[in-house]
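Read the structure below first, then the notes.
To keep things simple, chains are lettered A, B, C and D as they appear, and every chain counts its residues starting from 1.
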Amino acid sequence: MPLTPEQQAEIDDARSHTRQTIRATVPGMEAHLYKAHPVLDHGFVRVIDYMGDDQAITQAARVSYGKGTKKVTNDEGLIRYLMRHWHSTPFEMCEIKLHVKLPVFVARQWIRHRTANVNEYSARYSILDREFYIPAPDALNAQSTVNNQGRGEVLEGEEAARVLELLKADSTRAYDNYEAMLSQDGQKGLARELARMNLPANIYTQWYWKVDLHNLFHFLRLRADAHAQYEIRVYAEEMCKIVADWVPMAFGAFEDYRMGGVQLSGKAIDCVRRMLKGEEVTQETSGMSAGEWREFEEVLNGS
Amino acid sequence: MPLTPEQQAEIDDARSHTRQTIRATVPGMEAHLYKAHPVLDHGFVRVIDYMGDDQAITQAARVSYGKGTKKVTNDEGLIRYLMRHWHSTPFEMCEIKLHVKLPVFVARQWIRHRTANVNEYSARYSILDREFYIPAPDALNAQSTVNNQGRGEVLEGEEAARVLELLKADSTRAYDNYEAMLSQDGQKGLARELARMNLPANIYTQWYWKVDLHNLFHFLRLRADAHAQYEIRVYAEEMCKIVADWVPMAFGAFEDYRMGGVQLSGKAIDCVRRMLKGEEVTQETSGMSAGEWREFEEVLNGS
Amino acid sequence: MPLTPEQQAEIDDARSHTRQTIRATVPGMEAHLYKAHPVLDHGFVRVIDYMGDDQAITQAARVSYGKGTKKVTNDEGLIRYLMRHWHSTPFEMCEIKLHVKLPVFVARQWIRHRTANVNEYSARYSILDREFYIPAPDALNAQSTVNNQGRGEVLEGEEAARVLELLKADSTRAYDNYEAMLSQDGQKGLARELARMNLPANIYTQWYWKVDLHNLFHFLRLRADAHAQYEIRVYAEEMCKIVADWVPMAFGAFEDYRMGGVQLSGKAIDCVRRMLKGEEVTQETSGMSAGEWREFEEVLNGS
Amino acid sequence: MPLTPEQQAEIDDARSHTRQTIRATVPGMEAHLYKAHPVLDHGFVRVIDYMGDDQAITQAARVSYGKGTKKVTNDEGLIRYLMRHWHSTPFEMCEIKLHVKLPVFVARQWIRHRTANVNEYSARYSILDREFYIPAPDALNAQSTVNNQGRGEVLEGEEAARVLELLKADSTRAYDNYEAMLSQDGQKGLARELARMNLPANIYTQWYWKVDLHNLFHFLRLRADAHAQYEIRVYAEEMCKIVADWVPMAFGAFEDYRMGGVQLSGKAIDCVRRMLKGEEVTQETSGMSAGEWREFEEVLNGS
C-alpha cells in the first residue's frame, strides 16, 4: 500500500474543494486529480494539475494556420492531420503536472528526458523513507540471451528465491546502516548528504514532474514500448490511461501514428513496393544488412 | 481598437462558460481570462490559460526539501527564500498561456527566448491583416547619442511628421502591393509564402505563447527593464500586471530581488566594503575600468 | 555576388593559418572551413567550426553501452543501428557552427528550431545593408491550388514581370526611406531600432548558428523535405552537402532512415500486411480517412 | 589510481596523433586533451574535444552588434562587457566535451543541468566495475547544525571509523551479491537491468558530457560555490582550472562578475545607499527579514 492514512487524508481534502473556473476543464481529468494510481510495490502516479484539452490543440493550430484550417471543421480530423505530419507545436499547448513515486534506478532513466520540469525529493535536506522496490515473482527475469539490454525468461525455484532474499536483505541492511550513521544518539551523526550514498538504487524517491503533451508523447512512445524496461514501462502505461482520459482525440492519433506505427527506411519501403508488384525479395536483393532484414520481416509479420 | 465585434463576441462567449474544477484557481486570473489587454496601437495580450498559483510553488519546494521546509510555515517567506537563492525549479511548476498580437520586429526579439512554446499565425497558409504599428508621437525618438542600441530625445516638428508620413505611406503601399500580387483576379496570383516577403517589420502578427513562471520572470527581467526597447517593454509591463494578479507573492519577490536588485562584481562589492569603512575610493583605486566605474556610481546613486 | 573583396580577404586570411591539434579532424570539413557557399541571390552558408566526426558518435555510444558494443566492430553498422533505433544522444556529441546570410522571412522559419545557439546581426545596434531577396524567374510561383501552404506553377509573362517589378520597387523605396529616416543630415535622425520597422521581410540578415548533429538532422529532415518552402530548402540542401563531407556514415544513415524513410500508421502497416497476403484493400476497408488513404497510396507508389 | 594501464595506453595513443587544422585552437587545451585529471578516490575529468576560444566569443558578438562593436578594439573589454550585461549568446558559441567518471549520487545532482548532451554508461547493457566512493577522513562530516542541507564538523575517532567501516562493508557486500545474482554459473543469471538495483549510490558511473560555455558557467557558478556539496564541488573546481586554460578572458570575467559577485535586492542596495550617506541602518529599519539581514551582513563583511 503506497499511501499512509495522512496522505490519503490530504488527497481527500484536496479533492473536496470545488472551485469555479472559466478555463478549459476535462471531466475525465477532474476524476483523476490528486488520486494515487499505484505502480510497482510502493510507487504511484498522481495528477496534480493539467492545462488544456483536445480543443486547446486545434485552437492553437488554428491560430497558426488561420482561416485555412477553418475548413477542417472536424477537430479530430485536424488533430490526426497534425500528428501525421509531425506538427508538434500545437500539442505543446497542453501541459500536465504529475507527482510520481518511483525507484531511483527508474528515476535515472526518466530524467534523461530533458524537456520537462522537475522537483525531486532531496536526500541532502531530508531523510528518505524505508521503501524499496522488490520485484514481484513474475518480474524477476534472467538476462536475455539475444538482447544485450533486455531480459529473458522468468527466474524460478531456488534461484528466484535466492535473488529475492539477497535484494531484501541488502536493502534492509543498507537502510539500517543509513539510519545508524545518521543517528545523533551518542554520536554526532553523519551528514545526510553523505549517508544517502549507502542506499541502493531500488530505494524509492519522488518528484513533481511537469511536461507538455508533445514531450509527454515522446516519453510514452519510448517508455511504453515493448523494449522499454518493465519497471519504467508500467509507469508509462499508467500514464497512457490518464492521457487517454485527458485528450482522447490526441491520444487516439498518438496510438495509431506513433505507438502502433512503424518507420520504414528508404530501402525497406522500396522492398515493400517491389513485393507488392509480385517480386520475391530476399535479404540478398534487399540491400539491407542481416539485422535490418530481420527487423523488416518482424514488421511485415506484425511480431 | 484592436478587437473586431466578432472577436469581442468570442471573448464574451468564452468568459460566459463557468465550469467546476478541483484544480488550483486564482480569482485574479479568472478575471483576466480571455480579455484583450491593449498594447501599442493594434496589439494585445490575452491570458488563455494558467496552471498553478503561489502555493503550487511552495508545494513543489516542499516535495524537494521535504520535512525540512515544513518549519518555514510562511509561504511568502519560503518563496522569497527560493527567489533569493536562485532555486528556479519550484517556479517552473506554474505555467501560463498567452495570446499576443504584436509587430513582427517585436516578435523577432521575443522569439529569442527559446524555452517557451509558440504557435504563430502562418503567412504561408493565410493572408495577414492590414495592420501596422505606427508609433505614437511620444514614442518617436532620435538615435541615442550615447548608446548604440538605444533611443534619445523625442523627434519633433517637421522631422516627426516626415517620419510618420513615410512609415504610413510605405506600409500602405507595401500592403496594397501584397494584395495586388496575391490577387487571382485576371491573373494566377503569387503564392502567399512569397507575397509576404513584401511586408515590412511593423506589420502585426499574432501567436499563442506558453511559458513557465521561471522563464517568464527571466523574460520580464530583460524586457521590462528600462534598457529594453519601448515596443517590447510595453508588452512586458502589461504582463507584469497580470503576473502580479496571478502569483502575488512570487511577483513581489521577483520585484525585490530581480527587477529592483543589482548585481555587483567582486571588485564592486570590495569597493563598497572599503567605502563603508570610511575609505575614499576612486576609479583609480577601485580596480575597475572607466565603464565599470560609471555603472557602479550609477548603482550607488540609484540612477 | 554575396562577398565583398574585404570579406574574401578575411576568408583567405582565416584559411591561411594552419595549426596543430590532437583533436578529431575531418579533411572534408577543413576544405569547407570559412568558405562562403552561395545560396539564393545574396545569401550564403559558411562553416566556422566543427567538433567531432563519425567516430565521435560511436565513441560516445560505446561509453553508453560499454563492452556490449565492442562486438559491433564496424563503425558504420553501429551508426546505422543507432539511427534506426532513434538513439539520439550519440549524434548530439558532434557540433557545427555556421555563419549564414539569409532573408528575414527565412530566418523567421529557421529560428523556430529552438535547440540551437544563435547570434544574429542586430538592427538596433547597426544599419542593415541594402540587400534584398528577389526571386529568380523559376522560383516565382503561383499559390498552389491544392495545398494551402504551398506554391503551384511558375508565373509567366506579364504577371511575373509585374511581381518582380513590385518587389524591386518596394524594396528600393523602403530602403531609401530607411536611410532618409536614419540620416542625421539636417535632422536628428530616427533611432535605428525604430527605422528598421520599415524594412520588408526579404531584406537579408545574418547570424552565427551553432547546433548539434542530432538537432541538425531534425532541421534537415523538415527543411530539406520537398514540402519545405523553396527559399529555406536551398539552405538545407547546401548544408546536406556539407554534412555529407563531415560525417559521411551518419549522413548516409540519415538519408536512408530519415530523408528516404516513411512513417506508416498502425492502420497503414496493417493494410500492407493484408495486401502482401493478396487481399485487395480499398479505402473503405482500410479504416483510413480519404486524406490518409491518398497519402498512403502516394507512399506505395513512391510519388 | 583511476586509470588502468589499458586506459593510459589509449590516452597516450590519442595524444600521439597530431593533425593539421585551420580551426581555432588553444594550446592550453591541447595540453589537457584526453588526460585524466583525478577527482575523488576513483573519479576523473578528461577533455575529449573543444570548440572555440576567447576570440570566438567576440567574433560572435561582433556579428550581432556589427560595426558598433568594432570600437571596442579590446577583446577582453568586450568580453567583460558581455558578461556584466548578461549577454549570454556569444558565450554559447564555445563548446566543450568531457569524459567524467563520478559517483552515482554526484551524477544525480549533475544531470539536473538539462542544457547539455550526455551519454552515460548503461548498466542495462554492461556490468559496472567494482569501484565505490569512500570519503577521505577529512571529507567525513557530521550533519550541519545550522543548515538543513549542509555538513558541519569533521567526524572523528570511533564514529569516523565506524562510518568508514559500514560504507566499505556495505559496498563490498552489495557488489558481491550483484555479481552473485548476475552469475550464469549453475544458474540462469539475473538480468543486468535488474541486478543493478542492488548497487548503492556511491558506485562510480561515467559519461560523456558536452555543454556550451554559457551553460558551463551556470553549472560552475552553482557547483563550484562554497554551498555546493563537496563531492560535486571538487569536479567543478577541476573544471574551473581547465576553463581558465581554455578561455582565460571569459573565465576572468566569470570569476569577477559571477563567482566573486553578489546579488543585492532592492531593499539591500537601498540600505547600502543609506549607509554610505552615514545613516545607521538596523534590521528593523532595513525592511528586511531576519534571514535576509543576516545574509546582507555576511555580504558586507565579506564572510
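Assume a residue touches a chain if its C-beta (ideal position, glycine included) is under 8 Å from a C-beta of that chain, and two chains touch if they have at least 3 such contacts.
Being a predicted model, the structure only gives us computed values, none of them experimental.
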{"item": "Path length in steps (a step moves to a chain that is touched) from chain A to chain C", "value": "1"}
{"item": "Whole-Å separation of chain centres (CA-atom averages), chain A against chain D", "value": "29"}
{"item": "Chain B-chain D separation of Cα centroids, rounded to whole Å", "value": "33"}
{"item": "Length of the line joining the C-alpha centres of chain A and chain B, rounded to whole Å", "value": "35"}
{"item": "Chain B: positions in contact with at least two other chains", "value": "65, 68, 118, 122, 125, 148-149"}
{"item": "Chain contact graph, described as a line, ring, star, complete graph or other shape", "value": "complete"}
{"item": "Residue ranges of chain B in contact with chain A within the complex", "value": "14-25, 30, 33-34, 49-52, 56, 59-61, 63-69, 89-90, 92-93, 95, 97, 99, 117-122, 125-127, 206-208, 210, 212"}
{"item": "Contact footprint of chain D on chain A as seen in their complex", "value": "103-105, 108, 111-112, 114-115, 118, 122, 124-125, 133, 135, 140-144, 148-153, 155, 159, 163, 166-167, 170, 173-174, 177, 180-182, 184, 187-194, 196-202, 229"}
{"item": "Footprint of chain B on chain D - complex, ascending", "value": "65, 68, 77, 80-81, 84, 86, 148-149, 222, 255-257, 259-270, 272-273, 275-276, 289, 291-292, 295, 299-302"}
